[in-house]
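Next up: some structures, all given as structure tokens.
One chain, subunit A, appears in both complexes that follow, with subunit B as partner in the first and subunit C in the second.
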Partner chain A sequence: MLRKLTPYLFVAPLVAFIAVFTYVPILTSLNLSVRNWNFLTPDMPFVGLENYRLLISSRDFWNALWVTTLFTVFSVPIRLFLALIVASYLARETFVSRLLRGALFLPFVTSTVSIAVVFSWVFATDYGLINPVLGWFGIGKVAWLQDPALALWVLIFVNTWKQIGYDVVIYIAGLQAIPQELYDAAAIDGGKRLHVFRRITFPLVMPTTYFLLVVSVIEAFQVFTIVNVMTHGGPAGATDLLVHMLYRIGFVLFDIGQGSALAVMLFVLLVTLALLKSRLIGRKVHYEA
Partner chain B sequence: MKREHPLKLALALAAGLLFLSPALYSIVLSFQTADSYYRGGFDFTLGNYRNAVGFYHFARYLLNSVIVSSLVTLLSIGFSTMAAFAFARFRFRGGDFLFGAVVATLMIPSHISLIPNYLTLAKAGLLDSYAGLVLPAISNGFAAFFLRQYIRGIPKALDEAAYMDGATPLKVLWRVIVPLARPAILSMALYVFITEWNNYIWPLVAIGKEDLYTLQIGLARLYHNNPGEGLIDWPLVMAASTLTLLPVLAGFLLVERHLVRGITMGAVK
Partner chain C sequence: MLRTLKTISLAGALAGLLVAGGATIATTAAHADVTVKFWHSFKGGNGKALDEIIQKFEAANPGIHIEGENVGDYNDIVAKLQAAIPAHRAPDAVIMEVTRYGLFAEHGVLTDLTPYVDADPLKDNLFDYAREIGVYNGKNYIVPFNSSTAVLYYNKDILARAGYTTEPPLKSFDDILKVAKTITEKLGSEGITGIAAPGQFARWSLIMSNDSDLIDSKTGDILIDKPGTVDAYKWMSSLVYKEKVASADGVTDEDNGKKAFLAGKVGIMLNSTGDYGGAKKAIGDNLVVRPMPCNKVCRVAIGGAGIGILSSSPREVQDAAYKFISFAASPESNATWFAATGYMPINKLTAAQPVAAQALATEPGIDVAIQQLDFARGRPRPPVVTWMRATEYDMWQAMALGQRGVEETLKDFAERTRQEATRVTN
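Right after this comes the complex of A and B.
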């Protein structure tokens, strides 16, 4: 009897935590999203799809969706493009490439709040780092984080700086899996460097690109910390990304119903993307030599 | 390893320094007086650190971060190793289903549980407590998934030999599996520790009492509350920021290879 129970006892603690803090909350969110509640009132009346309707008809929601899409559409391709170029230079196991990989990877393991604070200083209008440097070239002060046309680009830059080391490390793993014989053959045929990259490296590293593409899109849709620390979603909503809007509705305005409705919509979107990932990767990843 | 051309080495070094320059310069900044910074000079001082640690309670925040991250790592890795062992070595009814549920947490974005977990912990009276910070962070299936793959690679004959000698499953796990899976467990422990150390959104909603701030919350508050008179006291803020990132950086530099391997293996299966 005890023998039969053994595996259950081993998995029980983890499964219990996952049930309580990951799976039950999905159901709770669904339930709360059809109710009107603000933490304080004793009852939470059922309001059907009212919260979803309110969200979809609000300018804030479309703004957040638009800003998040902009953030994603610009930051992800730039990151992957740069990362692939850098990775193809650093894929060899030399002292220099190991050193540079380490440097690139540091921001990824560093505290995001620290990074956000440091770059708030870098991009500060007065007494920052960038503006004085621009001043040497006769360029006047730029209000990087106070200008609605610029703030989002600053956040894209900061997020790229933080995440690119991860992309590079993953790309290097992908590049190193490409059989050397292919490159040897290309060398015998006298292939030019760019040509070899386009005909061998790029197609063979495609599974890694798919993986990183989906992972980075999911990551970009959940960016919160740099927004909260650097801009609070401002100026004028220009950086009010979706998760920041969720935090704002739920924990600043205390509108639990609408916050949960937003959480559910974002959840559906991200899980769809994640499922897409397993399909894409399931199909394209079998290039192994 | 091949010898590099010194020029190439210098160029690479310069590129790396340029990339890290904002962070490096912020550390330099933390060692100068605010006056000298605004004047455009450089007067060395340790006063910003004294101020951050003493007056602004960063010693306390550091302690909180260490306690919370250590507890999360210990519990999470303990539970994950146990579960990974069972999933790798036992066939049991519902086992595949449970394993699927554990792996699926990798796809579930954490924001969906933000409001519900807040309510759960409020009901349990655990907001504003270490438990409130620690408990939700344990519900992550990544380590269990990763360790199960690793344990499956350990020859089963070793377990069987131990069972022949009359060992219990718990003893097999502790005496056979854990020692052999040490590199994987260490990688995961580091990964969990760093992730928790840098966690921001959960402590932000779960903690109101200043005594329980983690470094991340303390730093964000210090920056937002702007301790300078009008001008932000950047040297003080950078001292606090350096205190926040240094412990993890030091750990990272010590064990870089383990960590990178853990993260890479998680991605490229």
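Right after this comes the complex of A and C.
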């Protein structure tokens, strides 16, 4: 009997941890999403799908979904492309490449709030650092954080700058796992650098790309701190990403029901995206050389 | 063996009894003192002034300990309080912004202080505005502590460098625009702008001075799309978008305008009297304080916050908390607070206190807020105000940055506010 129980006892702490910190909150959100509550009332009346209806009929929701989609569609490919290029140059084990890897990884472990505060000053229109530099070249002031067409790009830049170190490190691990013999064979066959990259490196690093794609899409959909510190979702909603909208509904307007409904919708969206990626890309990933 | 076990059990039981007894004694001793957990929003110089008041109160009331904690700005306090209430971790007393306590009063979170205030001689000494500001639906829920109005600050040195050897008129929207334009034209090449984009508190006052409001204080009607409000927003947004005399940096982050003024990069700033201490420290004798413009009428919004007591706290803690509130509003404490921060006196006897009299004599401009008391008005505080204020930032940005027309934006904003008001009321 004890022998049968032993494996369950070993996994019990982890199961309990995941249940308490993952599944209970998910189920609680699901429950709150069909209720009307603002933290203050002792009762939470059941309102069915009303919170979902209100969200879907709100302009702010569709704006946030559109802005988040734009952010993801542009930031993820840029991040992965740059990370792969940089990783290709830093994959060799030299002193300089190790130093550069460390330098690139630093922003990833730096406080996001600090990074956002510094960049909000760097990109300030009248009091910032970039515009005077542009002024030396005769370029007029650019309203980086006030122009709706630019503000999102600034956030994409800052997020890429912060996250790229992580992507590079993972890519380097993936690149170093590619057998050297393949490159040697390609060299004997006279393969050019770009050809080798397209035919050997890129396909064999696909498992890493796929992993980073999944992780970075989830991360892009959950970006909050940079938005909250640098733009507060502005100007006029141009950078109001979904999680920032969720925070605003839940913790500024105190509509916990609608906030939870948005959290559930975001959860469903991310799961659907993960399944789609698995269907469309997952099958094309080669795990063996 | 059995005897040994019996001896150990008996010793254990005795030890248990002793521990339990000790705990009971300790609990009884703890009950002799009352601790009031008090959440506030003050740091720096303002925090020090509050600490001084707390220390004096504790010295005068040895049985009461005030556990003050700065938990962030007004928004943070509201957010943290809402999260703390269901977790049963709410404080006993809390600073609440004057337009946002209505929601908490409506849900019974705040104690009705009417019996306390009615029995307190303090009541007769409070200014009318200070008595009115804490009343919601006929009951008193907060007693003001840090009351403020918006005032006009300008940097004397910047105006002089822009060619103003004597003070120009600053009484109407046109007057202010004219000065801001001159400063920007003359000193723009040095990175100096004429005026800081008005923050939400100043915007509300400017709307009032244009003989309008956002919500009718008496009827609760939404006035966002009324001509007076629309015209005021047209003027405010023109400062940034059309006239370019205010930096757009202050539109997306209102603190930027204040920081630039304190750094000597802005000529005029419309902001709270509570910024007096910081501004004085930053630009010294170059700071000049004047009343807000009277564009159509002389009227300014009263801001700041008051202290409320949580209904979840035990009665003896509520009593102790009210003692502290009353002490903080006393002439002596209020004078300390006024002299250190520039926040308005709430007590009619404050100005006669030596500390306040000295501040009035030696700190030019600190009396401007008092001069404005005659036409200072409380702002409406129905539950929809929280939503309206949160949404107004987006609307303001759209107008000030020229993304949407003022009339179109305010029409839409008014409609949405009416819908939300209906929703939160139901």
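One rule holds for everything that comes next: the second predicted complex is superposed on the first by the 250 of 289 C-alpha atoms of A that agree within 3 Å, B and C clash if a C-alpha of one lies under 4 Å from a C-alpha of the other, contacts with A are read in each partner's own complex, and residues count from 1 in each chain.
Going forward, a contact is a pair of C-beta atoms (placed from the backbone, for glycine too) under 8 Å apart; a residue touches a chain by one contact, two chains touch by 3 or more.
No experiment lies behind these values; they were computed from the predicted model shown.
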Combined model on subunit A where subunit B meets subunit C, clash or fit: clash
Touched partner set for A:10, first subunit B, second subunit C, both or neither: first
Contacts of A:134 with subunit B and subunit C, given as first, second, both or neither: neither
First, second, both or neither for A:73, with subunit B first and subunit C second: neither
Partner chain(s) touched by A:234 [first = subunit B, second = subunit C, both, neither]: second
Greater residue coverage of subunit A in the superposed arrangement, subunit B or subunit C: B
Which superposed partner A:119 touches (first subunit B, second subunit C, both, neither): first
Which superposed partner A:215 touches (first subunit B, second subunit C, both, neither): first
Touching partner for A:85 - first (subunit B), second (subunit C), both, neither: neither
Touched partner set for A:251, first subunit B, second subunit C, both or neither: both
Stretch of subunit C penetrating subunit B in the combined three-chain arrangement, among 23-31, 131-139 or 257-265: 257-265
Interface residues of subunit A shared between complexes with subunit B and subunit C: 120, 124, 126-127, 251
Subunit A residues touching subunit C - in the complex, by the definition given at the top: 38-41, 120, 124-128, 143, 145-148, 231-237, 248, 251-254
Contact footprint of subunit A on subunit B as seen in their complex: 1-2, 4, 8-9, 12-13, 15-17, 19-20, 22-23, 25-26, 29, 37-38, 78-80, 82-83, 85-87, 90, 92, 95, 98, 101-102, 105, 107-120, 135-136, 138-141, 144, 169, 173, 194, 197-198, 200-201, 204-205, 215-216, 219-220, 223-224, 231-232, 234, 237-238, 241-242, 244-245, 248-249, 252-253, 256, 259-260, 263-264, 267-268
For the subunit A and subunit B complex, residues of the former touching the latter: 4, 6-8, 10-11, 13-15, 17-18, 20-26, 28-29, 32, 93-97, 99-107, 109-122, 124, 126-127, 129, 161, 166, 169-170, 173-174, 177, 208, 211, 215, 218, 221-222, 224-225, 228-229, 243, 246-247, 250-251, 256, 259-260, 263-264, 266-267, 270-271, 274-275
Complex contact set, residues of subunit C against subunit A: 75, 79, 82-83, 85-86, 103-104, 107, 109, 191, 193, 247-249, 251-253, 256, 259-260, 265, 386-387, 390, 393-395, 397-398, 401, 403-404
